[in-house]
Structures are given as structure tokens and as C-alpha cells.
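There are two complexes below, and they share subunit A, which is joined by subunit B in the first and by subunit C in the second.
And then the complex of A and B:
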């Protein structure tokens, strides 16, 4: 008798569960995405706030029901900047059934390029290396490539230099991330960009840059364009400062003006270099919170909502993470609006149609995000910033590199 | 000529910091024949302790610097006590594996702190304008680094030559069995060697942090960068570490000053020290001042 009662209860419970199941699916779809990046290990100073930006924005989307009853589940994993771990993470993400993927480093993006194409996975890396999108259908750069940024800086030098052809040195990371823009600047020079590239230095872990700065001085170098990360730039700026070689105004005669692309700058550079960061010129397509505006307010509000500390809240890498999450959310929203199934094929199509009247304005960037079959670079617009009184301030209006388009 | 002397000064600055970091390797190897591959992590730990004491505890940086050396002294001593002491008598490869494990553990612990993924700098405490003498520049930070390095090297030289403990340590490095037979506590000497290495690591970390800023990747990578210095000087020679540090510093600066950027050359400042190292090792396999043990059969 007792066994019979238990059986009846089990049947009732099973029926209840079966009835509840359709109810839960009616509560909304869960769209799986993933992000593998360096939360620890080399470059985690950038990866850490980046991951928080992505995490916070996806939480915001779900908390505010921006996709109605549907939610985005973004699995974020640390790969310690090791390509082997990134690859393993990506394979596991595929098993989970992700529909959109966010990658991080140049090395792992290049290494997994074929995998992304093979499984037709729309992918946004945190690396803006132009080589990422060469020969790839499925990788999309969030903003202007490093090459476009470096050429943009060189163009700014040409436009604002007084007297003759400006002499420029490049200070770059010893990797594809650092080297590619040098080749593209050389192409731009061949195409008519009026600078003299005096020397290119691939840095190591230098403790002292006296010899390099003195050598540049003796060769008449007036501008230094950096394509690397903050730490070596900070050491260089400190060394140049000690030697009294940092120009206090753009192009000051007898001194050097230092400029750099995305990962060379931001508040982390100021944290490392202190006063030596003053007058450093920096370009990126992201907004900074030291310049008041709607984007800065939105970023700070998001950070406050999820209890982020001041440093994270004001990091341009936090903006970077928010932006890729915004693009992911936007393509899902657009596909949903069309009544399409949310899968990687449809999200890929949405990315390709993100242009013209369909451009996306995420407010975290200084220009619109546009993609098409032939254009895999999200934000073409750049903003030049300069450190004044310990904070990055906008210098001039947003611009698009002319020669980056010419050498394509 | 000014340029040449500027390179000499820069080479000595860089070389003396290499020497200070290299001393930590030598101290441990000299007494226990162990290569501590986690030395870079101790350098980073020392730098972050100094930063914490200065910024969060508002202790003047000079005192923080000394306190950090003392704390890292005990940290390294604890590491030896907990992980290494039980390996006395075990194959040397096991001990090296443990130091590799230590690297990962200390890396992980530092990443758990608020510092691991941050870029920071010490508050300014020295004049920002450099000292200029006959057209040769040196910053106060660099000068302080060189002075502290030579002060510490002087103290260690005296310690190993004159103090009872220092002489015991030298005895242990020469012959552990003989040392035990005359009543020297070998485990205690090992502990002291690690502790002293921790102390020098903290000093190197504090100086490095002031010169290049506080970035964990840069700080802990320094342990590996300085490794060729240790090999060149001779793994068990303190004067060798100092000489090799300065030789490496000078080679780098001269390569950067005279070779890089000319004749299509680039990156020689990073490469040349390794080429010099290999050439010297061909003729002196134990390094410039390393002990060549002779076995009679």
C-alpha cells in the first residue's frame, strides 16, 4: 500500500515537472556567448577591466530585460594570455553551444583564425591587429586597426608639424601586434605620407632608455609613435623626462613629442608614469571618462550599479569590454526583431548589415560601429587625447585616417 | 665623449640593479645548490609590500622600504621552512621543480591581491629634475638605486667574510657534511640563505618599482631577465654577480647606443648580452668567477 502511494506521488511530481517545463521555456530563451581573455598573467591589466565591462553590460541587459524575457549567458574564462588555454576554452565553448564569441589577444586570434572560419563563428577580439581580419570571414575588429591608429597619428604629426618633413621614430612591441603597423606606415609613406621614418625600435624589458633617447636626439627625431603596452612606454617617458627631452607643447623645437596607439595609453599609463605622462598624445576610438559626455556618464553609471571601484570605472578597457558586449547584444536584438532564430549564422548576417542607416551607435566609442562583407573594422573614427594635469583630454575633433584607406 | 660617459653611467645604473637581483640567486645556490626560479616573484612581493606600507599604511617610503626588506626576509624564510627544508637530501631536480611550483603559487596569490592586474607607481619622494654633471644625466631615483645596491653589496661582503653566521654559510656551501661534523646547523643556514635572498629581492623590487613603475609582469619577469647575469658571474660567486651585472648593463647600453639603429641593426641591446654570455661560457663554463670543482678519482 505504502509503495503504491509513493508511486502515485512520483507520477504526480513527474506530471508537475512536465507541466512546468513549457512554462520555463516561455519565460525566455537563453543565448550563449563566451569570452576568453587574460584576467591573470601578462596584459591582465587590460584584460581584467575588459572582462568586467563585458560582464557588467550583459548583466545590465538581463537585469533591465533589454531582450524582453530572453537573456544572454556569457561564460567568461581566464586564459592567462596563453593561446593553448584559449584554444581549449574555445572548444569547450563550442560544446556549450555558443552563438557569438569574444576573443582577446593577437596571438590567439591569429592562431584560431581558421577555427573561427571553420565553425563559422562571428568573433570580436580585443586585438585590433589588421592581420586578424586578413583572409578571415568571421573575425571583426571592434575599432580601427592598430595600423589605422598609427597612420592616423602620423597624419596628425604631418598636419601639425611646422617646417619640413617631420622625423619620426617608432617604438614597438616585438610581436605581430607591434610590427604590422610599421609595415603599414611604410606603405603610407610610399603612398605619399610626408614623414621620415628615422628608426624603429622593438623594445625588450628595458630599465634605462638613455642610449636610445640620445641616439634619436642625435638623428634629429622630433616625434615618437609607440605601438605597444603601457609599461615600456612609461619607462621611456620617464627616461626621456630625466633627459629633459619631452616636448611641453606639440612639436616643440629641440624636444620630442611622444604619441601612442590604443594599448599604450589610458589611465594605466598615468598610474605607471606619473608626472612623466604629461603631454603624451594618445589615440583610440573609445571615449574616456575624463572627458564629460553621455558615454562617460553611461559608463560610470554602469560601473556604479555593479559596484566597480574607481579605477575600473574609469578604465578605457572597461569601455572596451562594454562595447563588445553592446555589439553582441545589438546583433541579437536585431535578429530577434526580424523574427530570426538566434544562431551564429543569423548573427553573422546581422553584423554584415550593420552599416549605413543600420550603423550602431553604442556611446562608448567616438564614432559609429559599421561592418559589411568588405569592412570588418567596427569604428573607423579616432579621437586624439593628450594628458593635461594628469588626465586625458580630447585634442581636436574625431577624425578618420586618410592613408589607412589609401593603402587598403 | 660625453655620450660615451653617459652610456657608462647608464650601464652602471642598470648593471647594479641586475647585480642586486642576481645576489639573491647566488645566496641560495651558494649555500644549498638550489636554483630558486621563483626569485622574480619575491622581487614583485617586495615591491608590493613597500607600496602597501607607503600608500595604505602611510608610512614614509624610506621606512617602508626597510620594513619591506624585513618582511620579505621572513617571507622567504617561511617559504624555505615550509616547502624546501623537507627536501634536503632529495634529488636536485625535485627541489628545482618545487621552486617552479612556488612560482605558480606566488603568481596566483599576487593575482588574488588588488595588485596583480594593476599598474601603479610609488608616490614621488625624490626630486624629479635629474642631476646633470658635465652633460651627463642621472636621475635621483637611479642614483638612489645605485647607492643602495652598493651599500647592500658592501654589507654582504663584510657579512660573509667577518661574521660567524656568514662564515658558517660559506662553510656549508663548501662542504655540507664537513660543516655538520663541526656543529653547524645546515638547515638553519639554508633558512638564512633564503631569508637573505628575500631581503635582497625586496630591495631590488623597491628600486625597480621606483624606476619602471609597479607592473607585475615586468617585476616578476625581471627574475628571469637577470638569470644570464647569474650564469655569467658564476652561480656561486657574489663578486661574480656584481661584476657580471655591471658587464651586462654596459653591454646593453653600448649596444643600444652604438649598434642599434645603425647598419640596419635593431634589438642588439637585448641580444648581445646572450651572445657574450655564450662566448664566455665556451671558455669558462662555470662563469667568470664560478667555482670549478675538481674531483679526484
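And then the complex of A and C:
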């Protein structure tokens, strides 16, 4: 009798195991990725929406089963814009067994460059500093470098300026992030870009720019290209506005036309500078929600789905975060489609093959993402926007900087 | 005349200054210290820590070496300095700029690293002696302004000069040991031991300095520089000497940090960091050698806890509020103020109370 009871229990246990077995295989794989960025502290105005963009897109991928039963687990940590914390976070992520990494600042990307190469970790930073990819096999810029953006703006000035060589001043962040594009603009000038670089100003935290604007005026500066973040640009625009020096149309004689690269613009600039932001020219590779289109709709729908506020929903840095999550998802999807194991090496190979017919077209960028062994800049295409009636409007067609290619 | 039993604290009395100046008052103290060292050197063989936590421990040990210096100038000599991170930066950039000039894989960087660390300490000391010169004429807030100026000048120089890559990260190669190159998998453990040896040797060094006439003159000048002057000491030179010592330890700490992080970037040596080292010194205990260990450990652990709290707050609060950004400076400020009000002698005093309780147990006093 006792033996019979045990046999029944064994049969029940075996049946339970058989039922459980398919269930566990259907649960799918979990692919670990991570993002370390400034959610609080300096530059968190950009980092906060960026983190939400990445978080929301990964949630969307999992909720909509875009990878079938497999899911992406992206651990997001705040590094407060401190390299020491980023390093600590990265070491923790490695212990967790991540297969793809998203980083943030220029400083930490440069500091960890050798670590990324040593552990062969494909990495997408939020910094578009050209120096990030110099001598690195594993760092990939999401979009055109700051240098390409600034040179692109200078090219636009040359193409649309009337009469003689345009006089340009540069207003840059006092760091590698700000300085490097100046060197590249100088190289472009040597290569034939027809602008006169009158002066380069590394800004501090001054709240009054009267002397600077007056000096530029006396030197005949016609265009100011900014490579920094929004708040100093807002201060500059307000100061120039108070002195009546902001051009009301591109290249207006006797006044200055202000232009800037990715992190100078966006809705935060309009919020900070108010009316003084009118006629500010800005370039990025992302779509903006003030220009109707499929990308804007998709971005707003994603934000709405996960209950984001209006500011976050309309931020170009939210689009920035979405984009890196899209690339991460895409390389995983492609590796899966090939039947390859999802690991660092295979995802790296997928990035290298993302070109030509295999280029990736995210809906939130103005051009395709292309990477190869020699090309570590994702979206090369730039779009120029200009502030009209308190909103950024597209100006002309998307373009690729000609001189950025020439000086490579 | 000494007590018959050198193992007991009770009944010990001294008949010569030399006896009073002993590093270990009893054999028990010496034994406990030896056991403590055995634990510190052997725990990695029994407990496996994550890389993240090894990095945190390594950073605490670096801060301990830096705080040795700051405590000498602030705690023992009574001179205020808010440029300590810049002194560390001098050390870090000594290694990094040499690596930049001769190549970061040069044998001097990779094999002669103890020499480079010592050289960085000497560079820090030289800078300390220069920055300490105003102490010949300045005191209190005026001296604070002088050290603050040094901090700002350091940041400006690093951020502007090509030699220092204009503040961009400068790489330092992996070091070699008897077993060959210290690879990534052994990196943090290797530096744990290197740092531990430096902490112990430096700690004994500081303890010995304090036993000498030079060390005792630091305390005398702090307590009353006019009285010290009347007794034949030179208060000005004593203060400059204190800055030199502070610079030496900071320089070594900076070089060690450069080796640990495999390079130097200017954001590790900002005014904010200087204030953190000052907080470590105050929380640990000004003028207490044990405080140099407690302070950095407490502040670094607090840092981790606040980080978790800020992350949690950042997740539930609207981004526009950005309260989480304020949590860190708020918590540091609060900790410093609370320590200054309720325990100005720092955590070292808690340690003193615990030790005396254990020594006297079962008696209360």
C-alpha cells in the first residue's frame, strides 16, 4: 500500500515537472543592459528626460513583446555627473553581466574608454564628443559629433551669408566638450571653409554678458556659434536681446545671428530665454515634437503611455534616450534573428554591420543610424531648426556636414 | 619606573618622556594592533566582495592617506585648508603628465610605480610648502582665502594647459608586479594591498612625527602660537612645515588615485572634493589619528546611502522638483553641523570611550 502511494506521488511530481518545464522555457531570456547618467546634479535637466526616454522604450519593448518572450532588463543608475560614481556603477554592471552599455558624460566616457575596450563592451554615450571614439573600438556615438554639428552650422552660415566672408565668434563650454569642436572648425577653415573666426569665448557663470556682446559688436561679429549647454546660451541671448543685437532674420546686417549645437537648444532653452530665443538656429539629428510627423507622434504616444509630463514628453533629450534604447533593442533583435547568442561580442558585430542595406531607421531621428569598423557615428544627418513664435521649426532639408568628412 | 605587568593598562605610570611617547602603551595594544592588521590583510581570502565594493574600499583607503595630511595641517597644527583636493591633484597630475610625456606604458610608470608615488608625494610637499608660505603672515579666514586661491588656480591651470590635456582625462598604464602585469581581474585587489601597506606605513609615520619635537611643535603652535614662540619654536615655519607634510600625503594619495583609476581627470580634484576631505577630517575627529580612518569611512558610506536615497527620491518625485539633487549637499552639511554641535571631537572620541570602557570593565571608572 505504501509503495503504491509513493508511486502515485512520483507520477504527480513528474507530471508537475513536465507541465512546469515548457512554462519555464516560454518565460524567455532576459538580456541585461545598463545606463549610468546624471539624473540629479549638474546637467540633470538633460539627463532626467534622457533616462526616462530609455526607460520607457525598454518598457515598451517588453510590454509589446517586441523580442518575443525575451525581455531587456536595463538597470539605470544616477551618477550625478561624477566620473568616480560612473566608474563604480560600471563595475557593478559588469558584475551583473550586462551585454550592452549606455553611458552619459564626456568626462566619464573618456575616463572609462580603456575599460570599455578591455572588457569589449559595446557602448553608446550621450556625449557626442569626437574624442570619445578616437582610439576606441567599442564606443559608438549615437549621432553626429559636436564637431560635425558645429562645422555643419558654420557651413550653413557660409551658404546663406550675403557679402564677403562671414565673421564668426564661438561661445563654448570651458571643457573638452566645448573646446574640441573649435579645433575642428579651425581645421575646416584650413581645409577651405570660408569663415573668419574672430574670437572664441569660454564662458564662466557670469550673469551679465554686456561687455562680451559689445566687444563682438566692435569686432564686427555677425554670427555666434555656441557649443555648450542651454543656461549660458539663454544668458547670452537675453543679454544680446537687451542690447538690441539679436538678428530678426538670418544674417540681418548690423546684428548677430545666434546658432548652437545639440545641447544648447530644445524647449528648455525657450523656457529659459523666453522671447530672446526667437530666431535662434539650432541643429541636432533628432526630430522635435513641435514639428508634426510620425516621429513626433511616436514620441508623444510613448510618453503618454507611461504617464510622462509635458516637459519630458517634448524634450529632445527624451528622444535622445529613446534612440539609444532603440539601437540596443535593434542589435539584440538582429542577433536573435540570426540565431546568435546574445552576448557582447555578437552585439558588437551587429553594430559593425549596421550600414548600407542594414542601416537602422529609428522613427525619432532625421536620418538612418549607420555604423561600421571605420564609422562610429550613428546618425550623420543633421536638421537645422529655428525658433519661430516660441517653438522650434525645421529650416530646410536634413543635411550632412561636408567639411566634417573632409577633415577626418 | 614601569608597572611589573606590561600587558595591563592599570597601574602603568611613566618616569620619563620617552615612556609616555611610546606608540603602544601596553603589549595588549600592540597585540590588538597586530591582530587587526592580520584581519585587514587576510579577510579577502575568506570573504568575496563585488568589484564595486572593492572599489569603494580602495577609495576609502586613498581618502585615509589624504586625510592624514589634512588632519596634520588642520587638526594638529590648527591651520585651515580648503585646497586639499588640489594637493591631491598635484600628485595625480605628476604621474599623469609624466605618463603623457614619456608614454603611459613606459617602464617608469608601469614598473617604478612606488617611485612615482613617492615623487608625487614630494611634488605635493613642494607645492604645500609654497602654498603654506602665506601662513607665515596670515591666519584664520585670510589663510582660508589663500588655500582657496590655490584650489582655483590649480583648476584653472589644469583646465588650460596642454601639458595637462586641458583637464581631459590623461591615461596611466597598468602597473607590473613580480607576477607580471596586474590585469583587470586583480586590479582592485592589488591596489587594496598596495593602499593598505601605504595606509599602515603612513599611519605609523604620522604617529612617529607626532612624537618628535617637530610634531609636538605643531600642537603647541595650534594651542597658542605666541606661547610656542616664547618657548623657542618658530610658529611660521612650523605652519609651513605642516602644509608641506599635508601636501606630501595628499600628493601620494593623488598618485594612488591616478593609478587606481588608471588616469587623472580634473573633476576628481575640485573644490567640492576639498570640502569633502574637510568633512571627513571633522567627522573623524580633528587632531586624532584614528579619526583619519573613521572620517573617510563614515563619509564614503554616508555617500553611498545618500546616493540610494536620492535615487529613490528621484524616482518618485516629479523631475521638475529635482529635490534629489539637494539631498547630498544637505546631508553632508547636516552631518558636519551636527558633529560640530554634538560631537566636536568626532567619531574618534566614540572610539576612545569604547576603548576606555573595555579597558576598565567591569569597573565604571
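By our rule, the second predicted complex is superposed on the first by the 383 of 408 C-alpha atoms of A that agree within 3 Å, B and C clash if a C-alpha of one lies under 4 Å from a C-alpha of the other, contacts with A are read in each partner's own complex, and residues count from 1 in each chain.
Basically, a residue touches a chain if its C-beta (ideal position, glycine included) is under 8 Å from a C-beta of that chain, and two chains touch if they have at least 3 such contacts.
Bear in mind the structure is a predicted one, so any value in this text is a computation, not a measurement.
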Partners on subunit A (subunit B, subunit C) - clash or fit: clash
First, second, both or neither for A:114, with subunit B first and subunit C second: second
First (subunit B), second (subunit C), both or neither touched by A:312: second
Touched partner set for A:131, first subunit B, second subunit C, both or neither: second
Subunit B versus subunit C as contact partner of A:91, first or second or both or neither: second
Touched partner set for A:322, first subunit B, second subunit C, both or neither: neither
Partner chain in contact with A:244 - subunit B first, subunit C second, else both or neither: first
First, second, both or neither for A:179, with subunit B first and subunit C second: second
Which of subunit B and subunit C A:44 touches, first, second, both or neither: both
Clash-bearing segment of subunit C relative to subunit B, given 189-197, 333-341 or 351-359: 333-341
Doubly contacted residues of subunit A, that is, touched by subunit B and again by subunit C: 39-41, 44, 48, 174, 311
Partner subunit B, residues of subunit A touching it in the complex: 39-45, 47-48, 174, 199-202, 204-208, 210-212, 214-215, 218-219, 230-231, 234-235, 238, 241-244, 268-269, 271-275, 311
In the complex with subunit C, residue positions of subunit A that touch it: 39-41, 44, 48-49, 52, 77-78, 80, 82-85, 87-89, 91-92, 94-95, 107, 110-111, 113-115, 118-119, 131, 174-176, 179, 309, 311-312
Subunit C residues within the subunit A interface of the complex: 50-52, 55-56, 59, 159, 166-169, 171, 184, 261-263, 265, 267-268, 307, 310-311, 314, 318-320, 322, 324-325, 327-328
Touch list for subunit B against partner subunit A, complex: 3, 6-7, 9-10, 13-14, 17, 107-108, 111, 116-121, 124, 128, 130, 137-139, 142, 208, 211-215, 217-218, 221-222, 225, 253-254, 256-257, 260-261, 266-267, 269-270
